[in-house]
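Next come two complexes, and both contain subunit A; in the first it sits with subunit B, in the second with subunit C.
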Partner chain A sequence: MLIECEDKKDVKLASVREIIRNFIYENFLFNDYTRTLSDQESFLESGIIDSTGVLELVTFIEETFAIKISDDELLPENLDSVGQLDQFIQQKKR
Partner chain B sequence: MCGIAGVVNFSKLNPAVLPFFEQCVNMLAHRGPDGQCIYIDDFIALGHTRLSIIDPAGGRQPLCNEDGSLWLVCNGEIFNYIELRADLEKQGHVFSTRSDVEVLLHLYEEHREKLLNYINGQFALAIWDSRRQQLFLARDHVGISPLYYYFRNDQFVFASEIKAILQLPGIEPRLYLPGLVQTLTFWAPLPGDTVFENIYEVKPGYYQYVTEKGIRQQQYWKNEYPQAPDGFITDADAAAEELTRLLEDAVRLRLRADVPVGAYLSGGLDSSIITALIKTKNNNRLRTFSIGFEDQQYDESHYQQLTAKHLQTDHSAWQCSNIRIGEMLDEVIWHTEKPVLRTAPAPLYLLSHFVREAGFKVVLTGEGADEFFSGYNIYKETKIRCFAARQPGSTRRPSLFSRIYPYIAGESRNAKFWASYFMKDVLHTDDLYYSHRLRWANKDYLAGFFAANVQTKIKDYVPIQDIDSRYHNDLSAYDPLTRAHFLEATLFLSGYLLSSQGDRVILGHAVEGRYPFLDKRVIEFANRLYPALKLKTLHEKWILKKTFGDLLPQEVLNRPKQPYRAPIYASLSAAEQSIPGWLNEDKTETELFDKKKVALLYQKIRQAGGHITAREEMAITFIMTCEMMMRRFMSIKPAERSKHAIILDNRTGIAALS
Partner chain C sequence: MRWNTTATIEQLTEFICTIVQKTLKKKGVVIGMSGGIDSSVVAALCCRALGSQHVTGLALPEKDSSPESRELAASLAQKLGLDFIVEDLTNGLEGMGAYRRRDDAVKRVIPEYEPGCSFKIVLQSNPLVNQSYHVFYCHVIDKQGNVHEKRLPLQEYLQIVAASNMKQRMRMSMLYYHAEARNYAVAGTANRNEYDLGFFVKYGDGGADFMPICHILKSRIFQLAEELQIPQEIINRTPSTDTYPAHVSQEEFFFRLPFATLDAIWEAAGDGLTAAEIARQLNLHPEQVERVILDICQKHRNTLYLRTEPVRIQVEQIKKTW
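Here is the complex of A and B:
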């Protein structure tokens, strides 16, 4: 699914996975593209995001995709990898 | 405490080294401003900077035995010297001073290295045995007093601090990268290592003989715990009685001094117990000292005042502003001689300044209780994880984590994420590092900021493998909770707590800290206590509260434990202008870090306005303090030579001792 995403300056079309991956690289991996990040890799398991960093991720998702995530939905099974997030956002967008 | 140093050459000491050795000794002047003395013979020079506490008139060092064949320098205190001296005199030994450390010379004559079994103290010592042509070095059981050395090309050098060793010719300051990786994993280099190449520390609980053949080191004390159930003390009343006797005696011995002794009051349980024992059993008048914070989140002034009032001490308190913490950090790193992950050492450095200004040279404090009486959250965390592992499907068991981290304000939204963080690998209870692996995982994140060439150099160094090669056998005998205690006492206590938050920041202003909870007898007793007497369900330090609770205000006794911490981001940003190497691409001078990544981190925390994660705070502090250390040490300046040092020259062909 391609989504209209406001990227500060211009509106562009990008896949959800791409947007999330960019955010992770920029904010948690400090643009270290030598490090690979698969769709399935667990953020917590691999230590990319610590438990406090999750709030940062949630805020980004809510603002970027214009969705509201309830406390009950803040579960590792929804938010712990690029793939899980993609699926979760698409369900919410429906 | 004092500063000690020495240089030995088993062929012959080169006289050209001596002016540099005087610089080396003077580099330790802050540890001992009351006098400097150097002994020289054909093979060795020994130096001492003195902080006079016992026998101010006669306790000068280096000190020799009756026939001048043994020469001693010691940094520290031998608390049971009165009893030892009486025994030695009965055996015919003649004492020339009233100094506590003189017993070491006579004990060495009697027992050689086994002298360490007789003494109750905190010390780093060196005895030059001229007949045997050997140097004996030793450090106290837990490493309260520091001792470093360098050995190359026939030349053996030792000193209380690394900066003194770096004064000698031919010793270049070079970074030891594994030591740096250890620091960002365990908060300090592993025992024996430093962040400088070819400079090592004498490990806590070890002695070593140095001869022309090399170094022979041996452990004489270690943390041991019962391996069979009948080895534990299980009766709470009997335990309380024995603990009272031991801790009272540990305090009594630590009040021995010819100068006034004060106490630190942090507002927590441990220092309050020590203060109460001094006040109620020993001193009618007692000065206590504490530091408070501008930032209410960290401030414990209310509890400090409450205890001071309750125990009727003559209390002095000072405030530490955020900006002051940031401004002091560079000077603090000069003393710690290693980078840090927290700013907590800085306020303690300020406190020792105030204490010294108030005319005090000695304070008793509460360090060590958390390690040996189950004060830390990591013990509770381990207990909950083991509990959860017994019934993996339970959702209620992991919810106990919220009981131990109530201070994590504003995190309730992602409570389930926290729980899953702590539940990671929860079933692996036979992992020897079960308790600590989660914490140590931050290493990968922090090491990610190193420059690419540094990353390449460290990629094969795995700190957990390193500790496994050192402690595997010690750890495998125990259960996960005991292992957690062993790791805290072995890695964190001496390398960080007693160093960066202890010796370095207190001696930085020539004040000596004394630690009754670290009396060898108290530790050995605590290690034999049945675990539930220390951590009863999730109540930390239960036996301490049961035993000494009556002496303290109820509010202090019942308050939730607050780990001692200091503001990080607020302090660093407040003092940004005065911090060398402030997190900024333009100002980051060394080649250690990836400047682009550091700049992104800087940008991120700036945009977040201080709302940053604990990991990011650790990263900022580590990067900045590394920069500070590199600037201070990699081009270290020669120290002045003291004009007042007394030189005892015993070289062949030199007229007489002057």
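Here is the complex of A and C:
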């Protein structure tokens, strides 16, 4: 799925995974692109995201993809990796 | 159980005496007494170590505190024979805008909230049930008695915590006033659950000169309290943060499972037992035990910042600029 994504210069089409990955690098990995981040890597187990980070991530997802994440959906099986988030967002957008 | 309560008390008493007199070179100790089990145990240990004439206990209530906290602290102070002072922090906290800043954030989340309403923030996760995030919910009972509960968004969560933490930091400030005025040291009262999992406020209740029980799990603190003859009303009291207008237990607020279960898993895992072995002993499923261990590890890792001293640049790390 490609999403219209606004950055500083222009509007471009980006995949959900790309958008999430960029957000994670910018907000939690301090733009350290030497560190790899696979689609399957668990944010919780690798310590990338803590409880404050989860709230940041949820706010970002809700605003960027115009979806509402309910309390019941706030689970690692939906939000704990780039791949899981992609799948979750695609389901919500259907 | 291999744990010897009497020997532990003797060791702790010796430790307190050595630390206060030899390391810190102070004449006595000041302790914030909340009427809870941890501060009561520390007060009793300090009295044994230094003599009650060298121990000052402070009750530091503010408008959201339970009156029971002060009453229990006062009665223990009397029993131990230590000097006891009450300092109400409400005006100071009002002056710093602690209540206003907190209430503004709560009202943005739950518009029905008005200052004076009962409210608390709680975690809803439970590692015994499933693996979930440590996300806080705001729980308000409005003046008509209706209950409102909502997940806290990031900004409001941060603002409520930052404003509420002013309470612990003001308590610390008052403890140091009384300590410095007497040339005493401040005793911290955090136990291992609080210290290792980050359930304390940096430079608030985490601000002390020494922490005599921060290596001891809560269930062991109960054993120490029995041996030290702490009154049963204090031992039986539900551990609480006592910082929100509504009563919120520590289990509800942060730990999310009974101390007996948490500590049994924690100790057994520390002894090298597998999740399956621990599960058999405690009549749980191995997945439950694994989730609790993961929860302990994550809370420990995520709160490293709280236990980090101010980071200084070492001379060897920088190029000479002179």
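A few comments on the model shown:
In this text, the second predicted complex is superposed on the first by the 89 of 94 C-alpha atoms of A that agree within 3 Å, B and C clash if a C-alpha of one lies under 4 Å from a C-alpha of the other, contacts with A are read in each partner's own complex, and residues count from 1 in each chain.
Note that a contact is a pair of C-beta atoms (placed from the backbone, for glycine too) under 8 Å apart; a residue touches a chain by one contact, two chains touch by 3 or more.
All values reported here derive from a predicted model rather than from experimental measurement.
Touching more residues of subunit A than its counterpart among subunit B and subunit C is B. Of the two partner chains placed by the overlay, neither subunit B nor subunit C lies in contact with A:Ala66.
In the superposition on chain A, A:Asp32 makes contact with subunit B only, while subunit C stays out of contact range.
Once the two complexes are laid over each other on the shared chain, residue contacts for A:Leu74 go to subunit B and to subunit C alike. Subunit A residues in contact with subunit B (one complex) as well as with subunit C (other complex) are 44-45, 47, 50-52, 54-56, 71, 74-76, 79. Residues of subunit C that touch subunit A in their complex: 124, 130-136, 151-154, 157-158, 294, 298, 301-302. Chain contact summary for the complex, subunit A toward subunit C: residues 44-45, 47, 50-52, 54-56, 59, 71, 74-76, 79.
By the touch criterion stated above, subunit B contacts subunit A in their complex at residues 411-414, 416-418, 420-421, 424, 441-442, 444-445, 448-449, 594, 596-597, 600-601, 604, 613-615.
Contact residues of subunit A toward subunit B in the complex are 26-27, 29-32, 44-45, 47, 50-56, 58, 71, 74-76, 79.
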